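The following pair of complexes shares a single chain, subunit A, combined with subunit B in the former and subunit C in the latter.
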Partner chain A sequence: MKKLFALALVCALLASMAASTALAEGKPFDGVTITFWGGQAEYNDGTKAVIAAAEEALGLHVEVEINPGGSEGDNILKTRIASNDLPDFLCYNSGSKLYDLNPSRCFLDIKDWDLVSRVDDAFLSSVTIDGAVYGLPQSSTQAGAIIYYKPDYEELGLEVPHTWADFVDNCAKLKEAGKTPVYFCGGETWTTQVLFLGDYYNIQAAYPTFAEEYTEGKAKYADIPAATRSWTKYEDLVDYLNEDKSAATVADGNFAIGVGDATHWFILTQQLPMIVAEAEDQSQIGVFGVPGDNPENHGLTVWEPMSFYVNKDSQNIDAVKAFLDFYYSEDMLNLYFETYGANGPSCIKGYELPESVCDAVRVDMQQYFDEGKTTPALEYVSPIKGTACEQLTVAVGLGQMSGAEAAAAYDEDCKKSAVQLGYNWD
Partner chain B sequence: MTKTKEKSLYSVWFVVPSLVIFLVFFLWPVISSLYYSMTVWNFETATFNGLENYKLFFTDPAMSTSVPHTLLYAFATSGLKVVLAFFIAIFLTSSIKSKDFIRSAVFFPNLVSTMAVGLTFAYMMHPTKGLLNVVIKGVTGSGVDFLGNPSTALWSIIATDVWKGLSISVVIYIAGIQSIDQSYYEAASIDGANWWQQITNVTLPLVAPAQNSIIILSLIGGLRTFDLIWAMTGGGPGFATDVLASVIYKQYAAGFYGLSTAGNVVMLVLISVIAFPLQHFLNKREEAIR
Partner chain C sequence: METKRKRNQIIGDIVGLFFTVVIFLIPFYFMFVQSIKSKKEANRLSIAWPTELHFENYIEVVKHGNYQLVTAFKNSGLLTLFTVLGLLLTGAMAGYVIQRRKGKLMTAIQSTIMLGLMIPASILPTIRMLQSMGIYKTMFSMVMIEIALQTPFTIMLYRGFMASIPVDLEEAASIDGCSRWQIFSKIIFPLLKPIQATIIILVGVQTFNDFTNPLYFLPGAANTTVQLTLYNYKGQLANTYNLLFADIIIITVPMLILFLIFNKRIVAGMVAGAVKG
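After this line comes the complex of A and B, so read on.
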């Protein structure tokens, strides 16, 4: 008993010493290590700079594990959730993919945190499930759009197209001039979906109740002409693609657009910082939304950023919260965007992106936001997404399947997802 | 009664540890997977839905095409390995110079990891930058999109698999051929048999036990193949190279655990239905020779 008492005394003494030294240095989390899991795109130079600053200011240490991405990454995360082996906090998609994780089981509901009030509602709705808020934006918004090489447009005197027909016209002119009009990355299949997913602005413009009816299993891609169009647009481009379309990678795409080896690329604007890094000057790179048929209504389909989620059972929730409070301070937001660049306008209320961010974001994309011509991508308004989407977009993009066939196959694929998510679609 | 007890050398308790391991880690998962394959399952709740998963598996072209692909892949790789490895083994057991070096060289591809082989070959088959296409373009003027064209993609992977997996078959054949008694060949040559006749009438029948192992091993390996296909095409373009294992993996990644389990049951049944009768048939063949 005596021994035990002495031991407790020593422990208390040590603890108070540790606490007092930490306080003396003003580093409340000295010696605390928090673990983080995220992809290469989230653990970028901007994040690294903020983490280094946080380690300096707060004294904590952030241990990083890299998510290999794609279905590999999903498998790892789902396995780790099932085996209660999550890091203290992690980065993952917001929207429909968050639903798949059954977040109430593993993530902390942070709706009481002050930070939440600084984030805009469009983002919050993508991480709110049954009234609980789970995520905070890792970066800025982004769009599924067309990134293009402006010097080619200037050289041939082309205008930014506001209808799909004009866009295909431009492609024909570019091809005549010996250029590669559209870049296609069949080597990394997810990229090929962007034309289809980014065309959602045009579907909802023509058919405003599409998302609801689609979730209920009533609206089908094969039946609604405006929706089938998203698939047949691939057919129009088959003759305008790069030669290595079946094997090109995202890194190839960044380079091709950056230096002007190809003119257009249907891709998420999260690639902008990397494309700009390849370009001679940031002003050579521009962005426009996937055009529809109405020249008066040319809009942008917007993706919310990846989110930080906190492990509900973490021992270090306080340290993670302190880190995130630090992450969203004005100085750190500036540090992040100045170091890495931005994918689109920020979703922190009242925050202005620094001057150093490229024109493609601050001018080209911002105008759609200012005119209110944006819509969230379908994955933020419906929990159902077919899992074979990228295989189908590759097949139709390479001309191995017709747009109509792909639309019908995708309807079946969505039905499979719906059944597995517990929807009754019969 | 007492007599039989005395006769049994080992107590049944000796079997219990391995039996328990077999029951807990093999038989029980198989049985429980039969149940889970008929549910919508998210690790916490499983809702029974009958044969819906199986129906989906065989009607959705994204999944059903994997069955013919798997069969084609398994039989083509196995067939090519059995035939090609036989002739390589004949060559390597004949009296040639630097036999040891050539034998090691033939075995070398098998030492490289499958992922590395897959990535290397995928790069060599790249439509514009790949070594193969640079050569083909130099000769014919236009390249071949080996992995991007659905009609060549699966065959390109089959060829890579044969290149990598041939050596194991060669080694088994060499062991089999070397164990054949020389006197058979002497007798055959005295009877006037030429080289080809000696191969077909002496070597081929007597190497049958080795050949049977090769057929079974390569066929089962082909039926459950995953890594090479995943490294080279990920099942694409579209679904042109999807096999059972890659489809199961994708369904698991999507969080469709019940459906993915159903895929595994289909694979188990398919392998059993092919492997057991084949084994039986090959054993018969072996006995007939004796």
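After this line comes the complex of A and C, so read on.
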């Protein structure tokens, strides 16, 4: 009798649970508001479209606060971490900047979430600290590469260069034809580093142990020829730059490449959606990696995207998880990339970008990934980065100092940064 | 001789007008032109008249983020109003006492207040204090912060102006039977009008345009102030200049109107306080 009664109870319990889930099936998070903090770049049209769809499907409401970005953004985030006032989830850099935040104290370790198994390992390694996984990719990967205006190449019958010498050759021909071969944005100094940082594929190809030895202070830019080359490449370009090279901004660059005022631009491919928006047709814009000296090994230096992080103390972790599950469903990924465009191949395993994404990503960049000719940027493999990097790249880029001098100066700079991080470089 | 002088005056006027146009109107015109362009055209940032007019930019800005701008105007309006009212009242009283009384205590109080002009507010301790009082992220706390930050400057202006009001007036009022409170409220306070106007405009503009303090002390989407809405259109990778400038124009207008109303008095008030200590 007792057993029967217990059985009946269990049955009733199960039935009621089933009923309640069935009831909630429609809009499981009706009336829940989750808060999100992110910059304008992350809260773009694609994200907005996905959020609108999620609000429709899940019934929750996403309240967005805009991150002003730059150092102001970093400060405000640190302030809010210190005052225990984080939003439910937020968007921030992956890689070395994540370390600065001491994530174990504020972000949720999500290594048990099913989603994590769908993300590729290269990305995961940039958000994993001491075995804990904190982030999920907001967007696609991107590369530090050369974005170029294809019609100029067709007009002069040029081929995509696979060695640096060929590239400089192409520049000479373009200049002869009265074009501006290379665009240089001295007005926003971070952009000038892309040639140097994007050349890491070639250093790593010629000197595979560079990252470790560099971190230990054994490998110096001034001593290793393959590494010095990253700096001297700027010298080769001095004659081929645009006239307003010391004042041009990123917005100018988007325009110049989009309409063909200049042919090449060393820049992160996160600019592609903006450049394509300027161009007459997306097929006019192409991408290739910074060429090295070996034509057989022309690869791409890859950056990981910004990440979503979840507030450890959030009241709405379930709702955030449901939102993120929704965000990474195939339909929503398609919606995101169709609305915003992509900076590079996606970090989700087995996911293919929709047809509408520009050729520069789907063809030009994808081939490097398919052939396995990619490497993560140095900042994901070594914590050390000299703080004056962009000042030096501007100086060499404008021809105010030689590549060798800059390499030596950068070594000094890295030493300071290494000592600050507690490395012993003597 | 007479005609030559007249001619010089006219030339002077023309030169003055020319500079006014260049310095004040051209930037305004530039903003306006960008705000009615299409996104593509606005990103060129040229001063040329747009090929197509896009007045709907303004509507888009107002609608953006579920009418965020309306909330922002409400927040900024309340913040500015209460900050100005609070400062007018407390600043006038404090300035009066400090100016009229002499002695070591007053010197000490005054130096303490003036220190506020030099020492910047520290953010985290303030937030902790607000949290412990349970008023963090409320409009009340933000008003209090703005008042605290701008008190020294307000008192300084009041004190300077107060020196130009003769003590004889108060003596006469006292003989006629005014109490101390009446002397202040009936005699002194009404005489402060010019400096009140100056303070309304200076403090009003300062508070309305404040960016960093609301950013740190008043986070939350419901608490946005107008200056923070600009970041919807400005990013590291790309800017939507047409919407950015439309937003700027909408935000500038209230302060411009305030300025036009109080314009004449500002200079009077500032100068009155300038020479006398």
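Methods note: the second predicted complex is superposed on the first by the 400 of 426 C-alpha atoms of A that agree within 3 Å, B and C clash if a C-alpha of one lies under 4 Å from a C-alpha of the other, contacts with A are read in each partner's own complex, and residues count from 1 in each chain.
Going forward, a contact is a pair of C-beta atoms (placed from the backbone, for glycine too) under 8 Å apart; a residue touches a chain by one contact, two chains touch by 3 or more.
As the structure is a prediction and not an experimental result, all values here were calculated from the model.
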item: Clash or fit, subunit B versus subunit C on superposed subunit A; value: fit
item: Subunit B versus subunit C as contact partner of A:Ala82, first or second or both or neither; value: both
item: Partner chain(s) touched by A:Asn424 [first = subunit B, second = subunit C, both, neither]; value: neither
item: First (subunit B), second (subunit C), both or neither touched by A:Met274; value: second
item: First (subunit B), second (subunit C), both or neither touched by A:Ser117; value: neither
item: Partner chain in contact with A:Leu392 - subunit B first, subunit C second, else both or neither; value: first
item: After superposition on chain A, the shortest CA separation from subunit B to subunit C (Å); value: 5
item: On subunit A, positions contacted by subunit B and by subunit C; value: 72, 82
item: Residues of subunit A touching subunit B in the complex; value: 71-72, 74-75, 78, 82, 100, 102, 105, 186, 189, 243-247, 387-388, 391-392, 394-395, 398, 400-401, 409, 412-413, 416-417, 419-420, 422
item: List of subunit B residues in touch with subunit A within their complex; value: 40, 42-44, 47, 49, 52, 56, 60-62, 122, 126-129, 145, 147-150, 234-240, 249-256, 258-259
item: Complex contact set, residues of subunit A against subunit C; value: 35, 39-41, 63-70, 72, 76, 79-80, 82-83, 85, 250-251, 254-255, 270-271, 274, 277-278
item: Residues of subunit C touching subunit A in the complex; value: 40, 43-45, 65, 123-124, 127-128, 131, 136-137, 212, 215-216, 219-222, 224, 228, 231-239
